[in-house]
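This is the structure, below, for whatever I ask next.
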Amino acid sequence: MPSPPDFSAAELAERFGLQLHGNGAERVVGVGTLAGAEPGQLAFLANPRYRSQLGQTRASVVVMRADDAVDHSGTALLASDPYTAFAKLAALFAQLPQREPGIHPSADIHPSTTIAADAHVGAFCSIGARSRIEAGAVIGPGCVIGEDCVVGAGSELIARVTLVTRVRLGARCLLHPGAVLGADGFGLAMDGGHWIKVPQLGGVVLGNDCEIGANTTIDRGAIEDTVLGDDVRLDNQIQVGHNARIGSHTAMAGCSAVAGSARIGNYCLIGGGVGVLGHLEICDRVVITAMSLVTSSIREPGEYSSGTPLMDNRSWRRNAARFKQLDRIARRLPAIRDE
Amino acid sequence: MPSPPDFSAAELAERFGLQLHGNGAERVVGVGTLAGAEPGQLAFLANPRYRSQLGQTRASVVVMRADDAVDHSGTALLASDPYTAFAKLAALFAQLPQREPGIHPSADIHPSTTIAADAHVGAFCSIGARSRIEAGAVIGPGCVIGEDCVVGAGSELIARVTLVTRVRLGARCLLHPGAVLGADGFGLAMDGGHWIKVPQLGGVVLGNDCEIGANTTIDRGAIEDTVLGDDVRLDNQIQVGHNARIGSHTAMAGCSAVAGSARIGNYCLIGGGVGVLGHLEICDRVVITAMSLVTSSIREPGEYSSGTPLMDNRSWRRNAARFKQLDRIARRLPAIRDE
Amino acid sequence: MPSPPDFSAAELAERFGLQLHGNGAERVVGVGTLAGAEPGQLAFLANPRYRSQLGQTRASVVVMRADDAVDHSGTALLASDPYTAFAKLAALFAQLPQREPGIHPSADIHPSTTIAADAHVGAFCSIGARSRIEAGAVIGPGCVIGEDCVVGAGSELIARVTLVTRVRLGARCLLHPGAVLGADGFGLAMDGGHWIKVPQLGGVVLGNDCEIGANTTIDRGAIEDTVLGDDVRLDNQIQVGHNARIGSHTAMAGCSAVAGSARIGNYCLIGGGVGVLGHLEICDRVVITAMSLVTSSIREPGEYSSGTPLMDNRSWRRNAARFKQLDRIARRLPAIRDE
């Protein structure tokens, strides 16, 4: 273990180009929340709704906007975006386990693989024919990597990740446990009353700096590839169907799903539990709120939603029953044209 | 294998403090459903809707309420709550595989771990630095346990469970295959057009007697911990975001999701596919029906719902189209105030 | 690796009983999309919406309907169902990895198992007492198979699949990574303020030719079995509760969920993210559109839906607020009777 981190407020201000307010000699050895921090910890104030906690905080140093610091008696680091500044500061206090270069003796590696000398391959990993593990990549314990895969430089598979076949990851990707990339897309054709499988001959391609959550699944393409751009961030338990395309810098929250051949643009924010039907296009900078279903293409940036509000069950039953009559209700009224 | 279970109705009545109706000498060697049981099997009648099956059942003994037994000619065990009584009785007939104390020779264990002498660690398990496996715990095959984790006394990880880091389980917890606890929470900050990761420095803490379903994911906290109380029961494929808190005795059905920093009270029942947005509070004894979305805090116990009823697709299309006009429809009418 | 596939259009026409249009000497060495194919590749035209791409395609041979070929100058294979024909043709170009018969030396196999001489068991697999792996079955790396399981002839577990206990697969089933079959059903009874577990004494039975997607979970039954018929096709991240029954040839899209004891008929198509409540029956040939919730039994074949359309968030908020008033709105109008 490296020696535990210990910085002065002044050192932190200088290292991250932040303005110092108060006592630069304050020591910071860890991080905490405004409400829960102890002396020696760094906290942050980004959401005004927590401003009231500032008076009581025991944090030695707080990251905040300049205007929040005006009448703050304690020590502060001033940032235009305190949350982003905190994210960078907090990284100093994340003590990540060392993954030494080398291949664990238990690993089962096909002779035709290429593994960089400084890559790490953990216990009980399987790596198949013609796959390549690039410089500094980390393959945690229990991962299965099939044929013709690439794990780009500095990418990490935490543990128990599966890359089935023809999965190519860019640099610095981070895949969490249970993620399955490159499984067969769900391609079926009916033939005389039973299903036959449509061979899934494509692969999966991720750009650089993508993050894939725990138990998320990304199927490989039927003919061409399933493609994620750069800096795509997928939370846990997301399903991405074959031949889907997700643009760079798009983030999707947990349990959302993208059906086959859908295309999502850049800088989109997809809420938790959202569904996107197949073969649709969503343009750049679209926000979809939680548990909405996207049933047609979206061509204008903006925020979109579907669903109904939560109610006590008795009221909900009454109103939901009327939903079944809604068209007849409307027809009782003078014609209403769609705007 | 132990000798197969074989009890008389009288023995079962005495062991579980139930009143015997009929022939105490009836033998019971297994369990069945009212409709499907064979002689020698124990069945139960809890739901009145199955009462009609009582006449035809071939079960040797049936657990039921006293009033259901009045004109029942067969042998019965009388319980105020037949389902709970059956749950206890059936446990006698569950022949669970033995997991002998000891560490499988293939397991990869960091020298700094502490493993109780009577714990079981199965094949192809990895256990990281400073983790502790307490008395009688069972770690099934293919589990990965990272750094600084605790598996409490008598807890069992069935197989292929991952505890990423700083995951602390109480006593008698049961984790099903594919569960991932302690993966990074989904914390991102935008910095000059690309995402940077907010370090996830907290852990996951479970109380005693929790059950976590197959492929369920519980992320670790950003600064403080993600916390489940005692006797929390999570079904399969549930997602729990970082810093969420779930109260004791709360049960959640499959595919539900709790976003970051949400707090759910004690004795709540969360239906399948339900979504709970981040930073909300749900008080004790709240029931949420299946596939509802909770978008604001709930302060009163009771049952809550959202969504619309299922209809044939043609009717649904007509009504759903009118939903887009609902505000204009309402404005045609004399003002309707929220009650 | 076998020699790469190379066929003439005439050979393909003959092998699959398709009518040849144009030059039977055209060589086909792979497949592509109409838009993306290169010379030497086979493409298909099934969806009329892509008909315009036919003029520009560089594919050497295209599978299409006879009427689409009338004024097509290139080479074509004529099929009444081009998609199904393509599925069969494309299989010729799928170069699947060889899985040699035999048991990997690292595998941990209970002495009481039965493993066919020509079956394949990969690295880091665990197989428990009394389980049977039949002729030609393939168990990929990192699978865990518990007690009393059967993997039928020619079935394949790609990698990291778990069969917990009493799981019996028919012939030619295909299970994708992360799938968990036979975990405890979610059976709980309240006893004096805390939950007790209802023992899950049943198993899981799959017919022949079933496909189970990545990270899909199918719980074992409480007393009797959870049962899937023949040719059932489940996409990724589907949850099937204990004692559910799914009829033959039914296909379910990703992230759908079937609660305990529900029965789904034959030839049903269940959309992505659909929920089916427990103890319901759905008859044969029912289609449920994406993210609908089935709250009562369905006795008539046809297409069913629930939910509301996607709107810009501002309009949605206005309309959703009115949903809370819907019953009062309706009561302002002359009585509307359900049709």
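Every chain is named by a letter (A, B and C) in the order it is written, and numbering of its residues begins at 1.
Here is the rule we go by: contacts are C-beta pairs under 8 Å (C-beta built on N, C-alpha and C of every residue); 3 or more make two chains touch, one makes a residue touch a chain.
The UniProt protein names, listed by chain, are A, B, C = UDP-3-O-acylglucosamine N-acyltransferase.
Worth saying up front: this structure is predicted, and the values here are computed from it rather than measured.
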item	value
Between subunit B and its twin subunit C, rotation from the CA superposition, multiple of 5 degrees	120
Type of subunit A:subunit B copy interface by residue overlap (half), same or different	different
Length of the line joining the C-alpha centres of subunit A and subunit B, rounded to whole Å	26
Residues within subunit B bordering two or more other chains	106, 124, 142, 160, 178, 215, 237, 255, 273, 291, 307-309, 311, 321, 323-326, 329
Complex contact set, residues of subunit B against subunit C	31-33, 36, 81, 83-84, 86-88, 90-91, 93-94, 97, 104, 106, 122-124, 140-142, 158-160, 174, 176-178, 209, 211, 213-215, 230-231, 233, 235-237, 249, 251, 253-255, 272-273, 290-291, 307-313, 316-317, 320-321, 323-327, 329-330, 333-334, 336, 338
Contact set on subunit C toward subunit B in their complex	106, 108, 124, 126, 128-129, 142, 144, 146-147, 160, 162, 164-165, 178, 180, 183-184, 186-191, 193-201, 215, 217, 219, 223-224, 237, 239, 241, 255, 257, 259, 273, 275, 277, 287, 289, 291-296, 298, 302-309, 311, 315, 318-319, 321-326, 328-329, 332
